[in-house]
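Sending over a structure as structure tokens; questions will come in a sec.
A, B, C and D label the chains in the order they appear, each numbered from 1.
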Amino acid sequence: MISFENDYTTGAHPKILQRLSETNLEAVTGYGMDPYCESAREKIRKSCGCPEAEVFFLVGGTQTNAVVISAMLKGYEGVVAAETGHINVHEAGAIECVGHKVLALPEHSGKIDPGELETLLENFYQDESYEHMVFPGMVYVSHPTEFGTLYRKGELEAIAEICRNYHMPLFLDGARLGYGLMSRESDMTLEDIAGICDVFYIGGTKVGALCGEAVVFPRKNAPKHFLTTAKQHGALLAKGRLLGIQFDALFTDNLYLDAGRHGIEMAERLKTVLKEKECVFYLESPTNQQFIIVEDSLAEELRKHVGFSVWEKPDEEHTVIRLVTSWSTRPEEIERLGELL
Amino acid sequence: MISFENDYTTGAHPKILQRLSETNLEAVTGYGMDPYCESAREKIRKSCGCPEAEVFFLVGGTQTNAVVISAMLKGYEGVVAAETGHINVHEAGAIECVGHKVLALPEHSGKIDPGELETLLENFYQDESYEHMVFPGMVYVSHPTEFGTLYRKGELEAIAEICRNYHMPLFLDGARLGYGLMSRESDMTLEDIAGICDVFYIGGTKVGALCGEAVVFPRKNAPKHFLTTAKQHGALLAKGRLLGIQFDALFTDNLYLDAGRHGIEMAERLKTVLKEKECVFYLESPTNQQFIIVEDSLAEELRKHVGFSVWEKPDEEHTVIRLVTSWSTRPEEIERLGELL
Amino acid sequence: MISFENDYTTGAHPKILQRLSETNLEAVTGYGMDPYCESAREKIRKSCGCPEAEVFFLVGGTQTNAVVISAMLKGYEGVVAAETGHINVHEAGAIECVGHKVLALPEHSGKIDPGELETLLENFYQDESYEHMVFPGMVYVSHPTEFGTLYRKGELEAIAEICRNYHMPLFLDGARLGYGLMSRESDMTLEDIAGICDVFYIGGTKVGALCGEAVVFPRKNAPKHFLTTAKQHGALLAKGRLLGIQFDALFTDNLYLDAGRHGIEMAERLKTVLKEKECVFYLESPTNQQFIIVEDSLAEELRKHVGFSVWEKPDEEHTVIRLVTSWSTRPEEIERLGELL
Amino acid sequence: MISFENDYTTGAHPKILQRLSETNLEAVTGYGMDPYCESAREKIRKSCGCPEAEVFFLVGGTQTNAVVISAMLKGYEGVVAAETGHINVHEAGAIECVGHKVLALPEHSGKIDPGELETLLENFYQDESYEHMVFPGMVYVSHPTEFGTLYRKGELEAIAEICRNYHMPLFLDGARLGYGLMSRESDMTLEDIAGICDVFYIGGTKVGALCGEAVVFPRKNAPKHFLTTAKQHGALLAKGRLLGIQFDALFTDNLYLDAGRHGIEMAERLKTVLKEKECVFYLESPTNQQFIIVEDSLAEELRKHVGFSVWEKPDEEHTVIRLVTSWSTRPEEIERLGELL
């Protein structure tokens, strides 16, 4: 059995486990105030080129989205996102649970369009009855998106400029940021992202950590008492060291980017194999999630030997399946998949 | 520097780290559906003597309290707790954040009194205007309490009976349950607790795990779609294996109870040393949290060499400090503290 | 100046004011427990043909939607509604504010389509990851819709059957129910609606009352402690008599239906005038809201003499305007509008 | 049957009903944007001596408390109130429902003590773990209190000063403000209250209106988009005129104060009668709520002829009953009560 089910099927990068072992019996203070968290913060600040950045470590993605969004929005505001955005579909209503509406924009291979964003905002403020509606209070983008696609730097800058004009923060969900940064089609560095966004997170869970997401407010612009907001949402880990040590390892000797690069190399190899086998791609993805359209009978047969997820049923006889590589994918797994196909 | 600051200053029990390493590169499915979680569940069911128990693994204590309480209460209900209960004081309003009031009862060394609980309930339903008030919908107890004290089996049974009479579930916060079970003064086993309570959690974070709490609904009585409720609150870990492997290790060869026993042995040794040094105890605690009243000057001096937390300032010249032992406390640390005193 | 701005520009039907005056100095108990509320409840039960119905009086529409929906949904559920449904657009996020997502379906002249509803539900439960998504927990329809359109009895029954199959209550927002019932195209009576829906409200504010909406649970199926839920949401009026007296008057001698009939007669007369003037209708509405597409210059000119609301800007040169009649519209106003056009 | 059950048993002051009738068929715009609301606002600004005050009309007390408090608090903050404060006891958890904890202070005849408030705040910020607790974000006082008692001007100023030092707004719940202002023991005018508080409301429901509370932000300090927040909480009345006309009448020719004065005169007469009958007072109240301790048998007998509410059962044989006068109490009712006693 081989698995392309997702990028969180295996444990952690061995260097992370090693650091957890080495530091295991040292007694440090809790809640992210330990020296490992501080060291990780400093390394992240450097990697982002933001010496004043405020960095917080939370445990998982849905949690991070809910905490960041509720900390930044006023009560009468909602968050603008692609209709396919993770917060709008696959987080069980976590944003609504803390009181805010997701204002959905059309998606284009998972991305929002700056022009459509601007139109939404113009229309909102031109509406006679806008005071009876949910105010657009911030913009959420995922990068890579839920379809593995990437924003071009110019697109993200255009979105950021609109946000500035309307005094709305721009939030980038980087659950798979490592794979985005290492994609051959990426034209942005971590510094670029930190320069463009008002807040973003560097995903650990899907890029080699056991758990953990690093939230970055690049210009010392964290909402007041963000730690308390995290605590209130059950997102403050007692043994903050678990997150600090992992991110410290990930930001030592480029481990984070290396993990991302490996996932991308495996994805490119996977694409080559899929193309050789004349698979039909559902869309063109430059990162570690690949989507192909297969006949139902093939999907059923494959399922006996390969882990994957079913994305959609475009018609009665076909299935869109998602194949995901990661920092831990082995070339043999791809070869084996090729054989099976 | 030695630390009695709390029971989450160090990493994980070495056997846990070992199991994390051994299983690290196996690919398993996410969100608690992996074989390690399933194995851990089965072992916990056995330890609880509840073959039908439903067991869920969440990440931390505040989160667990909020998820369990909001899953079990109706919108118009609140949760009854001691005024010093963790949910009423040190969780940054996590319960209120999800819409519920904490109905505070007086505390007696951290415990609620069955008689006072009954009076509260009688008075509530006798009040002409009870429909304008928050309905008491469940009872929360911590065991050990925030003061390290323990309920006697008879007390917990009395509370449970009142709860049954009023159709309210009884929820036991077992963040430090391992230390409670192994206390010399405990008259309850895990089976007893599972028999008495409607829901409780077995704390991992403070008893040897990196993170993790195991929520047990002993009689197949989990609220419908509890997993979705957890997800909605950002409490569902993608790599559920991290929790499953840890609890599987903790419930193999009695590791959980052994960890608890060590913490208690160290606490007893600590008490002996403190008594020898004629320290004044703030209260009598039979578990791993010990509270002593010291002169401010001594507290300041100690702080240079010892980690502890300040509990209270009873007057201008004294401080109540809390000293906590754990599964990882070393006898040398206690000796050293004795020397310093 | 004449006004077709909406159906809540004037005060109350004179018979309501008269009853308020007649009863003014009688002392009665509060919170809806007075004899006028009880009398109104009984009359509504009769009109609905539901001798067991539970009836509650709330103050306004947004409030009623939020209270009913939050009382009936579990925490992990959302409410299905047309994308143009009032709760999804013009209630400032009141549903999200109490923790629930609005699951939007496409609209067809403001209505949802039973087939699309069924598809949404089928797809939901077939999705591998449905436990990570918001469960569809109830269906909301407005009747008349925000576009003045009406469900046919067959359509509403089809929706109700789907709801029953999926154990979801069907909630009908009847803010303008009186106009719907009296429309020439209506094929449903109040009894029909009570027989089909699980909960609905009879709008008072827009059909002749100063304020007030009567929520009806036709089969003794109100959620437990609904009064407390209303209180908790600030929706329980201390002087409940204000609502009871009004609904008692509205359900005496057919006043409610008469008020609705007058609004419809005026709407029909308005349509005739608009057609005579060769206005272009935005859509065909059989109730008291009429939508026409006019050139911007005409809209500007009209605004000097006529109250109306701007619905939409379909292009750079045209405006969709909404003209609303009500129980208090006078024929002269329509004549005057004809002259102005 | 005579009634001292509360101050909202009767309808509205006849002058209010008269104004509602006179204006009934005028068409005005909704949501508080009509000329009557504007006129009422202007009169309230004058009465408060605050030409820049922002004034909003909401429907009821619980609603007003929830909207004001949630509009002014940040997510991680709670509201400090007396343990007997209305928001802490008799509003069914409306504050928690919108996410905030009520931080209870001891009560002294219903009032909070400035010294105890200061101690709470000092202790909070001195606590090592204050970031894990609910931040005190504003102070709520009711005036008159739930026991009919009044703050002295010096007391309220002392509380306000503490609030300013800690950057917390001071909110005064004036549900019965008219009776407070007209009490013989009051040393504050409406101008004083507007000068001292950051936000307060002038209660209409209990002082002669059918419904309605006027929220005043005296120094143009309303939270941004307060109207939208009100809408979101279901607190924005469509026919805002109903509130505007009532408050316009109440603030014309001193009607509000006259209504308050009548309630106080009746209360003084009631006290005289009760003293003559040698009733035992539960506490000394200078406003329109009077509390006496009677034998259970007397309470039962009285209940046949008099409406009142049961406040408390101090022991097995006695009951504390509350007798309330209002703007509509007639001297004959008090005489009759005297006879019955």
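Couple of notes before you dig in:
Just so it is clear, a residue touches a chain if its C-beta (ideal position, glycine included) is under 8 Å from a C-beta of that chain, and two chains touch if they have at least 3 such contacts.
Because the structure is predicted, anything quoted here is derived from the model rather than measured.
Of all chains, C has its CA centroid at the greatest distance from the CA centroid of subunit B.
Between A-C and C-D, more contacting C-beta pairs join the chains of C-D. Between the CA-based centres of subunit B and subunit C the separation comes to 49 Å, rounded to the whole angstrom. Averaging Cα coordinates per chain places subunit A and subunit C 41 Å apart. One inter-chain figure worth recording: subunit C and subunit D are separated by 33 Å, centre to centre, where each centre is the mean of the chain's CA atoms. Contact with two or more other chains is made by residues 75-76, 91-93, 97-99, 131-132, 228-229, 231-232 of subunit A. Listing the residues of subunit D that touch subunit A in their complex gives 31, 70-71, 74-76, 98-99, 131-133, 135, 224-225, 227-229, 231-232. Note for the complex: subunit C touches subunit A at residues 75-76, 78, 89-93, 95-102, 104, 126, 128-129, 131-134, 309-310, 313. Against subunit D, in their complex, subunit C makes its touches with residues 2-3, 5-6, 8-12, 14, 17, 20-21, 23-30, 59-67, 91-94, 97-98, 205-206, 210-211, 228-229, 231-239, 241-242, 307, 328.
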